[in-house]
Amino acid sequence: MYFASDNWAGAHPAISAALTEHGSGFHAAYGTGPLDREAERRLAEIFEHEVSVWFLPTGTAANSLALAAVNRIGGVAFAHADAHVREDEGGAPEFLTGGVRVRPVPGSSGKIDASRLREEIEPFSPGTVNMGRAMAVSITQATEIGTVYGLEDITAISGVCRDHGLPLHMDGARFANALVSLDCSPAEMTWKSGVDILSFGGTKNGCWCAEALLFFDPEMARDMPWLRKRSGQLFSKSRFVAAQFLAYLENGLWLELARHANAMAARLAATIENSNRARLAWPPQANEVFAILPVGEYDRLLAAGVHFHDWPEPAGENTGLAEGETLVRMVTSFETKETDIARFSELLDA
Amino acid sequence: MYFASDNWAGAHPAISAALTEHGSGFHAAYGTGPLDREAERRLAEIFEHEVSVWFLPTGTAANSLALAAVNRIGGVAFAHADAHVREDEGGAPEFLTGGVRVRPVPGSSGKIDASRLREEIEPFSPGTVNMGRAMAVSITQATEIGTVYGLEDITAISGVCRDHGLPLHMDGARFANALVSLDCSPAEMTWKSGVDILSFGGTKNGCWCAEALLFFDPEMARDMPWLRKRSGQLFSKSRFVAAQFLAYLENGLWLELARHANAMAARLAATIENSNRARLAWPPQANEVFAILPVGEYDRLLAAGVHFHDWPEPAGENTGLAEGETLVRMVTSFETKETDIARFSELLDA
Amino acid sequence: MYFASDNWAGAHPAISAALTEHGSGFHAAYGTGPLDREAERRLAEIFEHEVSVWFLPTGTAANSLALAAVNRIGGVAFAHADAHVREDEGGAPEFLTGGVRVRPVPGSSGKIDASRLREEIEPFSPGTVNMGRAMAVSITQATEIGTVYGLEDITAISGVCRDHGLPLHMDGARFANALVSLDCSPAEMTWKSGVDILSFGGTKNGCWCAEALLFFDPEMARDMPWLRKRSGQLFSKSRFVAAQFLAYLENGLWLELARHANAMAARLAATIENSNRARLAWPPQANEVFAILPVGEYDRLLAAGVHFHDWPEPAGENTGLAEGETLVRMVTSFETKETDIARFSELLDA
Amino acid sequence: MYFASDNWAGAHPAISAALTEHGSGFHAAYGTGPLDREAERRLAEIFEHEVSVWFLPTGTAANSLALAAVNRIGGVAFAHADAHVREDEGGAPEFLTGGVRVRPVPGSSGKIDASRLREEIEPFSPGTVNMGRAMAVSITQATEIGTVYGLEDITAISGVCRDHGLPLHMDGARFANALVSLDCSPAEMTWKSGVDILSFGGTKNGCWCAEALLFFDPEMARDMPWLRKRSGQLFSKSRFVAAQFLAYLENGLWLELARHANAMAARLAATIENSNRARLAWPPQANEVFAILPVGEYDRLLAAGVHFHDWPEPAGENTGLAEGETLVRMVTSFETKETDIARFSELLDA
């Protein structure tokens, strides 16, 4: 039972099929071919807005170049204390931007609190040479702890951004999972709520390698050709990303896969909730379930071949974690089967 | 007729098939899964040597991180005046290493002259703080102008490197094309001739996206985990690269594809040589043909739908290019068909 | 009454006199002349230890290059939440190291708590590519809030460092003020307590521009020549720094100036303590006094020409700051006169 | 006899006296005090133009931040093949700009040839992501080989810059020496000839440490506060630079010192020209003399205590250097005495 991460899954057959289909014939390279154009048009349709689209190899690259694109010398970004861009990118945001610092903003449920954000930004806007100057805010949707910003949450945050003239970036490594959770449109969850830049991730939701950085204002992307090349992230046969995105977005495959993953997470959560051997740390809203396991249970599940990751207690949460208990993260994906959940359930209650 | 670049081709069906085959099931991510291990073992076999293998998205990343891995503060690298790493990486080597300068070394036929290399290195070894200090030499195999370093060429260069304690990097974006041209073993063309680090490219020769940085001395790669992550180039589902390389290396597919591309280039060169409408700039040794076209011919071919790139006259060559003539580069690949050459031949002689 | 900062003072006459004295005659440049050597020898004597000495223009440069010298790719440093190197260097540590992140460690009285440090380091030692890896700890002596690490504090912290193989850096922008406060030897406050690298500041204590980075293990400084040049910080006429340091260290001038500044701070603190118009935020241990002023008093003092800086409430302190009160920092220096304090006292009690 | 470099001299007594004079009293720090303002006003007067002035510790910093201030991602600068900014800054321009490459432009007499500059820029304007894009041109005045760009030379170069929308930077480490050589006004040698940014060096001409970066269009300097801080180059007691510049510019001291140095160089050149033991490599125009010495003479002079530097033959010159001869550089300064030249003359003819 593999709940370690959604990137432990491979790729959906439709994604691989698209790679086979588009493998023959010659096309211009480096993002200039017809398939690239078609994928860009498709994204514009789906987002109901002009978009400037940049294919990239990883979410780390997307998040880092989002900040780089809008950075100013001495720039300071703001993100939730537990945000991936702060804690898990191995210093890539700092390196690829030439030294941006990403300051933590508190907030419960893994989400930035808009009023705390305002307080944190103020000393940096306009800022001083010693402290630096605010240049962007980044939110993660779904969050690191499997919760989801509501549209009103995003709007409140983008309101703070607008008051300080700062762009709002959304790290959408699990964009589709959040979207189907909110049951809203891509436009509503992004530019209509004030998001300016989106890391649009396909990899975790059934692609092999399909990440794109989207700018709703193309002017913000004016340095992207050079930023992408300078960091070694310009694919030559970029149509291999385009082909994946086209299949991903075709007939709502992406939404279907996300709905499945979320449903599996809900079922997994229910299993845990109904067990007296474990408990939920907080309710899941997308495809990540956080559970608290007593040490005996933890060992027993591991030994039985359940894959999950230990997780540090998040900054803004009080899970009532007791001595001898472990917080673990379990992630579902398009590959998770009902039978996996059933087997886990049997195991848990055995 | 597409002779613009070998990255205008898609991917060989066997490569796409491998992606389909390995798409299901869960595997550890970020380069730690069994398929990654298998691809690494396969590379070790093929190179008859322990290798430290790092999958990367692009050749630019591979070349830049090769230099970064062995860089020292104030470091200066040496490459041929026309080398890709100097002229065509958009500043990525400079940026990803934190400021390395890549100094030009002259040499005819697109190849570094070993004795000139020695002269160029001397002031930088040990160097001064003002000038900087030598830290690596990089050669391109096959070269930017479609020629190939012989084993004795590589050995002469690695001898200079050894005298100054410098690692030798080979940019093998077209490694397979050079290898079958020399008809030697991968080991002979690399570590047996003194190469320490290899950018091993599969993308141009039939893969979708398969680049690896190989170190024959794992100690040189000790910072690679962090270098790769820090620059946003650690794939999560890295098995999609492993799967491509496994198919690529299976039953000599890679050599077969390179032999085909080279044979097509030889045929294309013969066509040009036998024509009185164009002439070869120099004889091709791999899968790139450089031709000189009078302006009328150039226009006629373009209008007829032949894709090629204009090329600046290389630093070390005297092609006798006259007023009204253009130097063009034509590249063949696994996708190039004999019928393409035949059509081109007819067109040229029409 | 100037209590804004100790860098609002000029230079002690002995410092300027040294510049006049050493202005004539030719000496080798770029840190290679006899005066440089003499200053280095003098520092070695004073610290009773071999030292590798690097003159630098600013404390920002010293702190940043200290981290750069011992950095590893993916490196993470640890400092107090309020440390200058984290909060006030304008991103220089991040930029000059190529992306180091400086993580906050809590602790009261402006000082890192050694047991909290141990907890914070553990996940980063050895660390992961996502999180990064620990590479150094930095403490500020005297601290940002005018307190002083005792020798046992430093020893406890260096013990944690040693357990994780990390170098310990001391930001000694106000080294002399801390030293005379502890009344110990330079050796005791540094290498004897486990400090490996020292930013030795002279500027705030009576020099014009005299900062040096000192390594007690020269091997740690092996990249310094290149790091210093690469960041544009190698003075040509470096003897102008050497001359300042020689005068500074002559006959204990530096200690005398620091004792004076500290004494002025103590007197200023007493004035505040005895007043019923203001109160001390916490007791000063060096040359910085933090006071809490009711709004009316604050305005009155400003209007009367008292220069001080507003200060944010430090991370680890609870000052009982009430609505309508302001926390301010007042700094004394070699230039502060008893009459300044007397005038301030009169003003406060007027 | 010290002809090694003009930075082997100390500081003129007037410079040191200014430091003594301005040492007492409190002033705002970090470039915000009244003395800073006064020095800026004085520079504006002397240049007859609004100037945005940035004090910096070194010429390396000034040149590097000049490029950083106007850089664009993927940026490529152009300078003479022998320019300091290309050959002698230890990679600082590349590092401090985040990867700018400085491409060589040929030209005789150490000066960029304007028509060759145009050819070199064209492929980079607008450029490609692979090659990068032109972002600035830098000239050195006086040049690395002691020659001086005439006003018409500068105007021709700035014309090329204007045609491509590129700023023109002048590295004026020896600005005063060039100025008195041309006998024109500072305005004529800079903005009136199309120079946009000037590294204005005082250190080599009698200051201790006085370098400033001047922008004639303040808009170009908009990122300078952050660039300067981020690279650790913001002096706290910046008035010590202001004080030096005020004394330097007072009553034409700077011109007097430069005239003296140039006169000494002319006398030194005459000595060599009249000798049959050595010959001039080319005629000096400022304070640097390049001579060709036969090996015996070279050894004899060294042994007699004459300090000079060996020099590589410049890219654009043909000095007729024969086997057994050495090219050396001899530099005069404000400290060079007529008696030094006389002693050298006797020695040479002995």
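Each chain carries a letter (A, B, C and D) given by its place in the written order, and its residues are counted from 1.
In this section, a residue touches a chain if its C-beta (ideal position, glycine included) is under 8 Å from a C-beta of that chain, and two chains touch if they have at least 3 such contacts.
The structure presented is a predicted model; accordingly, all values stated were derived computationally and were not measured.
Asks: Looking at chain pairs C-D and B-C, which one is connected by more C-beta pairs in contact?
Replies: Answer by contact count: C-D.
Asks: Report back the single chain whose CA centre is most distant from the CA centre of chain C.
Replies: Most distant chain from chain C: B.
Asks: Give, as an integer number of Å, the spacing between the C-alpha centres of chain D and chain C.
Replies: 34
Asks: Approximately how many whole Å separate the CA-defined centres of chain B and chain C?
Replies: The mean C-alpha positions of chain B and chain C differ by 51 Å.
Asks: Give the residues of chain A touching no fewer than two other chains, as numbers and ranges.
Replies: 30, 74, 89-92, 95, 98-99, 129-130, 132, 226, 229-230, 234
Asks: Quick check: in the complex, which residue numbers of chain C touch chain A?
Replies: 74-76, 87-92, 94-95, 98-101, 123, 129-132, 312
Asks: Taking the complex as given, what residues does chain A use to touch chain B?
Replies: Residues 2, 4-5, 7-13, 15-17, 19-20, 22-30, 56-61, 64-65, 89-92, 95-96, 203-204, 208-209, 226, 229-237, 239-240, 307, 335.
Asks: Which stretch or stretches of chain A touch chain D in the complex?
Replies: 30, 68, 72-74, 98-99, 129-130, 132-133, 223, 225-230, 234
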